[in-house]
Every structure is written in C-alpha cells, then in structure tokens.
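Take a look at these structures.
Consider the two complexes below, in which subunit A is the common component and subunit B and subunit C are the respective partners.
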Partner chain A sequence: MAPAVLIIVVLRLWPLLLGVNFSFTGDGDRNGTAVGFDNYVELLSDPLFRTALGNVGLLVVLLPVAVAIPGLLATFIYLRVPGNRVYRSVYFFPAVLSPVIVGAIFNLILAFDGPLNTLLGTIGLGPVDWLGDPGVAMFTVVGVHIWATFGMALVVFLAGFSTLDSALLDAARVDGASLPQTIWHVIIPGLSRTIQFVFVTTMIGMLTSMFGLLYVMTAGGPEGSTYLPEFYIWTQQGQMNRPALASAASTVLFLIMLVVGLAQMSVLRRAGRED
Partner chain B sequence: MKQRTLWSVALISGLALAGCGSAAPTGSSSGASSSGASKSKLVVWDWKSGDKNVASYVEKAKADFAKKHPDVTVEFVAQPFDQYYTLLGAAIQSGKGPDVMLFNGGGQIRDRVDALLPLDEYVAEDKQRLAGWDAFGKDGKVYAAPVTLQGHPIYYNKALYEKAGLDPEKPPKTWDELMSDCAAIKKAGAKCFALGNKEGIGIQFWLSGLGSGILTPKEYDDWIAGKRDWASPDVKQVFKLWKEVNDNGLNNDGANSTAMFNDAFSVFDAGKAAHIIGLMSDVGHWKDFGEFLGDKVGVMQAPVVTAGAEPSLPYDGGIGYAVAKWTKDPKSAADLVRSLTSTDALNAFYTGAGAIASDTTIDVSQAPPAVSTIVSQLKSGKPALHVALSSKTVDLMGRLSQKVLSGSASVDEAVKQLAASDRAG
Partner chain C sequence: MPGKRLGRWAAAVPMAALALATIYPLVFTTNVAMKTRREYILDRFSPASSLQVDNISAAWNSVGMARYFANSVIVVAFSVLLLLLFGSMAGFALSQLRFRGSKVLFLGCLAALLIPFQVIMVPLARVMADTGLIDTYPGLILAYVAQFLPFTIFLMTSHYRTIPAEIVHAARIDGNTTYGVYRRIMIPLGAPALLSVGILDTLFCWNDVLISLVMMPSAEHRTLMVGVTSLRGQYSDDIPTFASGVLIAAIPVLLLYLFLQRQIADGVTAGSTKG
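Presenting the complex of A and B:
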C-alpha cells in the first residue's frame, strides 16, 4: 500500500501540482514571478485556443460515427456477408500502423494533385483541397483517424457478438424482420454493454492519440483550423517559448478530461449494474 | 490525459537530463573545464553534426579547438530538429544542459537570451571576418557567432525561360516585366511560382523575398529598426500581391496544402514552376536545385514594384553557436564557438553542405554562377523583413496568409491583426 501511494504521490500528484503552480507564473521577462490568472485570461482570449476547444467538441459530436462504422462492419461480418474472413483481417490491418506512417500515406493520397483528386476528376467531380480547406481539413483528419483505429473497436464488437444469443436472431428471422429491423431491435439492445465500452475507449482514443496525425498531416493548419489542445500546448512550449502559458493550457485540458473521465466512469458503472 | 501530458513532460525532461547526464558522466552537471582540473568536457547541442555532409566541418572545428585546449574534450550531441527547441526549453528551465548550443537566428535566439552568455568580449576579433551578427544580437549584445547566412534569393528555371521564348540571362527587373514573362511561361505549360504555404512559411519567404522591391529604402530600414508602419500602402501591397498572384493562377494549385519543406521545392525541381523564393543554406538552395536542374538555376533580384524601391538580397545570420550562462568555463566554451566559426571549418561547411557560410573571406570563384550571384549581392544585402518580427507575429502571419489565399480574410483585416500583434510585441 504505502509504496504504491508513494509512487502515485511523487510521480503523479506532485508533478501535477507543480504544473498547476507553474501555470500561475509568467513567461519571458516575467519568468518566475506570480501573475495570478493572467495566463488563463490570455488563453480564453486566444482564438487559437478557442478553436482547439471547439475541435474537442467536434470530436465528441463525431463520436457516434466513429462507433457506428466498426459496429456496422462487425454486424456484416457476423451475418457472414461473402468474403467476411478476408475483411476481418483487412479491417484490422491499419490498427497496427503508427500514426506517423498513416499520416504520411494519406498526405500523399490527399495532396491537391494526388491520386484521390485525380480519381474524382475522372468521374467529373472538382478537386477538393482535403488538407488545405479549413472547412474540410478537420473532418479529413478525423476520417483518417477513424480509418486507422476502427479495427480495434471492430474486434471488440466481434467479441460482443459471440455473446449474443443466436436464438433471438433466428426468432427475428422467422418473424420476417428486415435487416434494419434486426439491427435496431435485436442486435443493438443485445450489445448495449459492448457499445458503451466502445464509446468510452473510442472517446479516449480520439482525445489522446490524434497528435501524431495532426502533426504530420496539417500541423494545426490550415488557418489554425485543426488545432487540438495537445497541439496548442506543444506549440506554446516548444515553438513560442511560453512554458507557463502551456502549463495553463494543460491545466484546462486536465479539467476537461476530468469531467469527461468522470462521465465515462459513471456510464460504465451504470452499464455494469444493468447486468 | 493531463497526467499523460505531465508524464510526457516528465519523461522528456528526464530524457533531456539523462542526455546531459550521459554526456557529462562526471555528474557535476555539464562538466566544463575548471581551472587546474584534469581532463574536462564541453557538451555541444545541435541538429547538424549528425549529417554526413557536415562531418568534415565538425572535424576541422574540433581539431582547431584541440590545438588551443588539448585538455578539454568536446562532445557533440545531435538532436532531432523537430524536438530541438522543446528539449532546449526543458534544459533552460532546469538551468542545466549543454555548454554550447546551436540556434537559428532571429526570434528563436532572442526569446532565449536570458539563458545565454554575451559573447562580445570573446569574439571581437571575428567581427570583421564574419557576416550576419545582427540576427544573434539583442539590445546591443551578441549572443552567438554566425556559421551560415540564411536568406531568400529568388531562383528561376532558365530552361523554362528558354521554352517560353524568353532570354534566360535577362530575368525581369520590374513587376510588370515579371507578369508578362509569367504569361509567356503559363502559355508554355508551367506555373509562375512554386509556393508552399501549408506551414505558413510561404508568406515569410514572400515578404522577405519581394519586400525590397515593394518597400522604399526608408520604409525597409524603419521596418528592420522596429518602426513598422503597417498602415503604409506599400506594406499592404505585399499582401495584395500575395493574393493577386494566387487568384490569377500563377502559383501551383493547392498552395495552402503544399508544404514548403519540401513539396514546393519539388515542384520547382520538377520544372513545373519557373520561380521560387528559396533559401541560401540548409535546403532549398542552389545546390539542391542544381542537382535536378543542373546549370539552369538562375538567381534574380526582387522585381521593382514601387518606384524608388532598391532591390537587395534579404539575408541574416542563419545558424550560430551560443554559450550557455551556466557553463563552468565560459572562456573555453567561447573558444569552442570561435573554432566552430574558423575559416577552415566554415570553408568545409560551404563545400560539404553547400551553405553560404558567414565567413566573407571564403573563395567562391570556382562555384556555379548562382553562388557567385548570391555572394556578390551580400555586400548590398539587408536583413530579411520577416526575421525582424516576433515568433508570435510570424505564426499569426502564417495563419492569416492562408486565410487571405482562401478568401476568408481580406488583406485589410490581415494587416490590421498583424499590426496589433506586432505592437503587443
């Protein structure tokens, strides 16, 4: 007990407190002096940080899509569409690639004069500046992130399906239920715990592991439209030489994650209780 | 995730410290030579010494230093450039780290002079021989000795000029001439400019590369001296032309999603665009382009836009070595910096990496014409406009320039925001 507490206090809580304390000091000429809430005021008035927070909101909004895609594909595999064995391994493959490699590959594919736009051109659609249009770029990066990570969720879904009572599916088929009806009335209720679990893990994945992709694919651009708080912290600390401001941003991010984490824990706990 | 962030900060600083620790096994922080001690050590951080093409430079500098201080060993630690200033920031925060370190000129070093030792008393003898000191100074003191010069010549592709029926030895002198040449080049099937603005760097090159043809000499000098009149029509003109050129289809497509490093350079290399505002050292310079275009690489001066403007080569000190405040033996650390900027070493840097070195006594008569053009312009050259801006304003300018290209911000709006950021410091 005691060593565990000691490790948590010394290696986790103490640095955390140091970081929070540091966020109340100044940068540059005011290095080391207490500045109260100046850094937080500056953060809130920085449109770039507000964009970063807005993008966190966007990720939450896009979460159902990120969960629905692997769920739907797992359903097809479970229902044995032709070739389901091949798809099972193909879908999982991107999950083993590092974000940097994924980003580099998609940088080539999505370049303005890249293959995707060439393809669109041959079917008569105008080129889209996937990574250069501020209205599109964030969705592009999230799309690539989902592509790169949905394999893991797919595996979890497949595991969930193995616990599904096949008698229910047979009964639905006998009753003449269509595929959408089967999904809505049988599969989704039967998998509610799996779905909740995937929601929580996908959320964590989206909020913590986008940095590599962003760094490689857009570096926060265009027009600062793809900033996330992590990227903002990195820029302020490493590029702008504003470590105290970066600490303040980290503290804000910590508070957001605390709220999200607590909400997720209560979701999981409720799911456990239903059992 | 805050914990994760903290963990990574702790890890990074831990690694950084371990880096110095392993570099200085004596344990007494970064062991510099103390008087009377036996063998002591100086640690150098940079992002260059790992490159193959600067190996002979490092060797020459080491040999020169060994002659003066046989009892001091020198260890070079090459850091990845992506992480360089993050690692350095961690070292500065903890007050421990390398004795000598490499810096980019301009904002990167000026933001960090609190951690550096003024070098004026040590490098007085080198002041005449080396160029580019201004980029490493603040408030009248010098904090690093320049190794290379970095600037933004306008390179052009002579082969495309020939293809378009233009005289490759007579590049345009005015903006109107440039535009009519560009029309001919467009007809010949190439773009006028290779532009990469994904990182927001394109606008920096644009501002500095063309600025001397747009601002009057007085406006230019005032800008460098810190008296920047953002309301002046000439300053606005810089951004107006930035937009106009893109709107008229003279840039390669998708400039906002093309990275300057190195996609835009590749566009120029491949002969898809006739001009590029490039660099003098590191990458995107005469030697890089020459590998693809051979002797068809030309260098031209900024075309005159405003009557009375005097085009000049924009350049500053590119990279330079500085001495940390916490070093134990400032004298030998400063001597190491002097060895790193000795004529022999810099000559090796120039021949190995193709950089325009800071040493004005290096002989470039054997070099390709592009080099002699650049070197001949050094004397009349002036500091680059964007280097005079704070890193915060430069960052903002990158984002605003993307907005101006995409049309989501007007030129007036962009200039107004930049003026406000510049005033705030």
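Presenting the complex of A and C:
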C-alpha cells in the first residue's frame, strides 16, 4: 500500500498543485517571480489557444454523435442482427491500436490521391483535401478518433445491455413498438447509467487522447486549425520553452474537464428523473 | 415474422460496410508494406506481386526500429510488473484490511484517476529533471507507473471486494500473516483480474506517445511509438518502408488482441459496471 500511496501523492497530486502554483509565475527573464494572472491573460489573447478552446466546443457538439454511433450499433448487435458475434470483435480491434499507428495508417488512407478520395471519385465526388483544408482537418481528425475508439464504447454498451431486463423488451415487442420507440422508451431509460458513463469517458478521451493523432496527422495545422489544449500545452512546453504558460493552459484544461464531467452528470441525472 | 427478418438484414448491410471500413485501412497498409517502391508508385491498390518482407526487414534493420522495439519492451515490462505489484497490494489493503483513512485513500485514488497526464506534464517533467530521472529508463517507468496506477488500483480493489471476508479470516486463523494472506490468497484469487489489468496496462504503456516524448527526449531512448512518428520525416518518399515500420509497431498489439480479446474487453467493461 505504501509505495502506491507514495507514487500517487508524489507524482500525481503534488505536481497538480505544483503546476497550478507554477502557472502564476513568469517564463524566461521573469523565471520564478510571481506574475499574477499574466499567463492567463496571455493565453486568452493567443489566437492558437482560442482555436484550441473553439475546437473543444466542437468536440462537445460532436459528442452525441460519438456516443450515438456505438450505442446504435450495440443495439443492433443486441437485437441479433445476422453475424452479430463477428461484428463485436471486428469493431473493437482499432481500439487496441496506438493513436500513432492509427494516425500513420490514415495518413496513407487520406492522402490526396489515397484510397478514400479514389473511392469518392468513383461515385463522382471529391477529391477532398482531408488534412490540408483548415475547414475540414479538425473534422477529419475527430472522425478518425471516433473510428479508432467507437469499439471501446460499443463493448461498454453491450455490457450494459446484459444488465437490461429482457422482459421489458419482450413487452415492447408484444405491444408492437417500432425500433425507434423501443430505443426511446425502453433502452435509453434502462441504460441511463451506462449512457452517462460512455458520455463522460468519451469526452475525457477526446480531450486527453487525441495527442497522438494530432502529432502524427496534422501537427496542429493547417493554419493552426487543429489545435487542442493538450497539443497547445505540449508545444508551449516542448517547442516554445514556455513552461509557465503551458502550466496555465494545463490548469484551464483541468477546469474544462471538471466542468464537463460535472455538467454531463447533472444533465443526465435530471433527464433520468423526468422519466 | 418475415418482415422482422427483413428489418434485421437491412441493418446488417450498413453494419457490414462499417466492418469493412474498420478492417480495410489495416489491409491496405499491410499490402503497401509488401510492395516495392516502384509497384507503389505505379499502382498502390493492386495486390502486392509477392509476399515479400524486404521492406519489413529493411525497416527493422536500418531505421533503428530494432532499438526502439527493445526500448519499448524493457520499459513496458518493468512498468507493468510494478503496476501489478503495487496495484494488487493497494487493492488488497483497500478492500480487505480495515484501517483508519482507507476510505480517504480510495477517494484519493479516484481523484488521481481524473487527472490526465497533460495537466501535470509540465511540473512532472521539471521534477524528473531536478532528480536526474529525465531521459532514463527508470524515469519513464516511474512516469508510466504513476500514470496508470490509479486505474490499476481501482480495478484490483473492485475485484478483491468480491472475495468474501471469511476466506481472509480463515487464512488468518490458520496462522497467516498479512503478507501470507496476500501471497497465498490474494495473488492466486486475483489472477484473472491481474491478467486483465496487466494486458490493459501493457496496451496503455505500449501505445503511449506523449509521456514517452516528454520523458525520453534523446533519439537513442525513443520508444517504438515515438520511433514510428520519426519515420515519417525520414521516409516521406518511401511509403512502403514507412508502412512496414507502422506494421512492426502494430503487430505485437494485434497478436495480443487476437489471443486475449476477452480479457481486454473484460478490463474495459469492469470500470463501467462496478464503478
């Protein structure tokens, strides 16, 4: 027990405090001196950081999609679409690949003359500059992230389904409920805990595990359009040698995560009560 | 019910298409890795003319993939062993031994679980630099242990809670010390959970890029995932060798997935159903 406590306290909780404290000191010439909220002011006026925050907003908007896809697929698998056992293993497999591997693979797939544009070309669409167009690149990266992780949420949903009372589903079938009705009135209320869990973990995943993809696929570009807070922190720390500014960004990211977690929980709890 | 069956088949078509979209990128990459450069430039889609592994051996020998691979194996092996050791000890203590403050410690663990690496990255790098641990194997191993220990403890604690207290009492009456109970009861009974958590921890550490990038700046200490990202710049005009490097990094994980899929899925869902 003791080594575990020591490691967690020294290398997790202590750095958190250290980082917050650090974010109120200066960089470079002003190294170590207290500068109040200067770093935070600078952050908010930095267009790159604003883009990063805007992209967080985009992630929040896309979150329901990222949750609905695995949810719907899990529903189909649960309702025994032909071949459902195979799908489970196939869909889950990208979840074990490193974001770096996924990003590298998709660099090939999404190349301007790569397979996806070729496929679109055969049906008369495109080509799209998936990673080079500032208006498209962020959506591309999020899409790849969803490709890589929906299997994880799918497995969690399936575990939730196994706790669902199948008598309710039978009753719905006897009453002649359609599939959308069944999903809305039986499955969503029955799985509210699972759905809540998937919402929170998916959002946390989007905020904290897209670094590998960004690093390999876009490096924050084009025109800084694919920055996320985690990538911003890394750039300021590693490339720009601005650790105190990076700490301020870290603190902001931590606050975002707290807010997201709490907000989603309370929203879903309220939704659960109305049923 | 013919109509019902038709509906199920209607869902099966998009699901099959999605399954194809899940598998295809890896198939494409594997095919590219088998091609010669000339073949790739002429036609990247046709099946490779022969099952040649020249590119793979080239990537393995010339680019330093062998070195990166060895670095990853060393770091991941030690990290996972330490994680399982500390995690099982802490899980045992938190679930079976009642002591003052055990609840607080468990909550502390949960809180640490919510702190992403990005948030403590800057101060942690500074602590590691101050102690001379940056850019060393022990430093990176320690960083991994710190990062994934809360998760490991959480899963081990919830697994050990399912072991009846009577068994522990009986072992005590038979004259076992606390350590004896840990070694003779907790380790054997915890084996399935240890396997499951161990595989997940292996995946986390093996797939990580950010922690390794921050903690191991020098080129000869690169882990495999960081190595893969460096390939891209080196081999931007030799895509088959690049694809081979990607495959080398993905193969261990794919093997793990093929043989231990069940344990991986169990680990992922344990957090959702017990949490």
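The criterion applied here is as follows: the second predicted complex is superposed on the first by the 246 of 275 C-alpha atoms of A that agree within 3 Å, B and C clash if a C-alpha of one lies under 4 Å from a C-alpha of the other, contacts with A are read in each partner's own complex, and residues count from 1 in each chain.
FYI, a contact is a pair of C-beta atoms (placed from the backbone, for glycine too) under 8 Å apart; a residue touches a chain by one contact, two chains touch by 3 or more.
In this text the structure is predicted, and so the values were computed from the model without any measurement.
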Contacts for A:R12 in the overlay, against subunit B (first) and subunit C (second): which applies, first, second, both or neither? both
Using the touch definition from the top, say if A:E230 reaches subunit B (first), subunit C (second), both or neither. both
Report for A:Q239: first if it touches subunit B alone, second if subunit C alone, otherwise both or neither. first
Quick one: subunit B or subunit C, who's touching more of subunit A? C
Is A:L207 touching anything from subunit B or subunit C once the two structures are fitted on A? First, second, both or neither. both
Touching A:L59, do we find subunit B (first), subunit C (second), both, or neither? neither
Which of subunit B and subunit C A:L191 touches, first, second, both or neither: neither
Tell me the contact category for A:V142 with respect to subunit B and subunit C: first, second, both or neither. neither
Would you sort A:A172 into first (subunit B), second (subunit C), both or neither based on which partner it touches? neither
Return first, second, both or neither, reflecting whether A:M257 touches subunit B, subunit C, both chains, or no partner chain. both
Give me the intersection of subunit A's contacts with subunit B and its contacts with subunit C, in residue numbers. 11-12, 15-16, 19, 207-208, 230, 233-234, 237-238, 243, 250-251, 253-254, 257-258
Complex interface listing, subunit A residues touching subunit C: 1, 3-5, 7-13, 15-16, 18-19, 22, 73, 76, 79-83, 86-87, 89-101, 104-109, 114-115, 118, 147, 151-152, 155-156, 158-160, 163, 179, 194, 197-198, 201, 204, 207-208, 211-212, 215-216, 229-230, 233-234, 237-238, 243, 246-247, 250-251, 253-254, 257-258, 261
Touching residues (chain side subunit C, partner subunit A) in the complex: 7-9, 11-12, 15-16, 18-19, 21-26, 28-29, 32, 44-45, 86-87, 89-90, 93-94, 105, 108-109, 111-112, 114-127, 142-143, 145-146, 149-150, 153, 203, 206-210, 213-214, 225, 228-229, 232, 239, 242-243, 246, 249-250, 253-254, 256-257, 261, 264-265, 268-269, 272-273, 275
Residue numbers on subunit A that touch subunit B, as the complex places them: 11-12, 15-16, 19, 28, 31, 48, 110-113, 127, 129-134, 207-208, 218-219, 221-224, 230, 233-235, 237-241, 243, 250-251, 253-255, 257-258
Within their complex, subunit B touches subunit A through residues 1-7, 9-10, 83, 85-86, 89, 93, 111-112, 114, 198-200, 253-258, 263, 391-392, 395, 398-399, 402-403, 406, 408
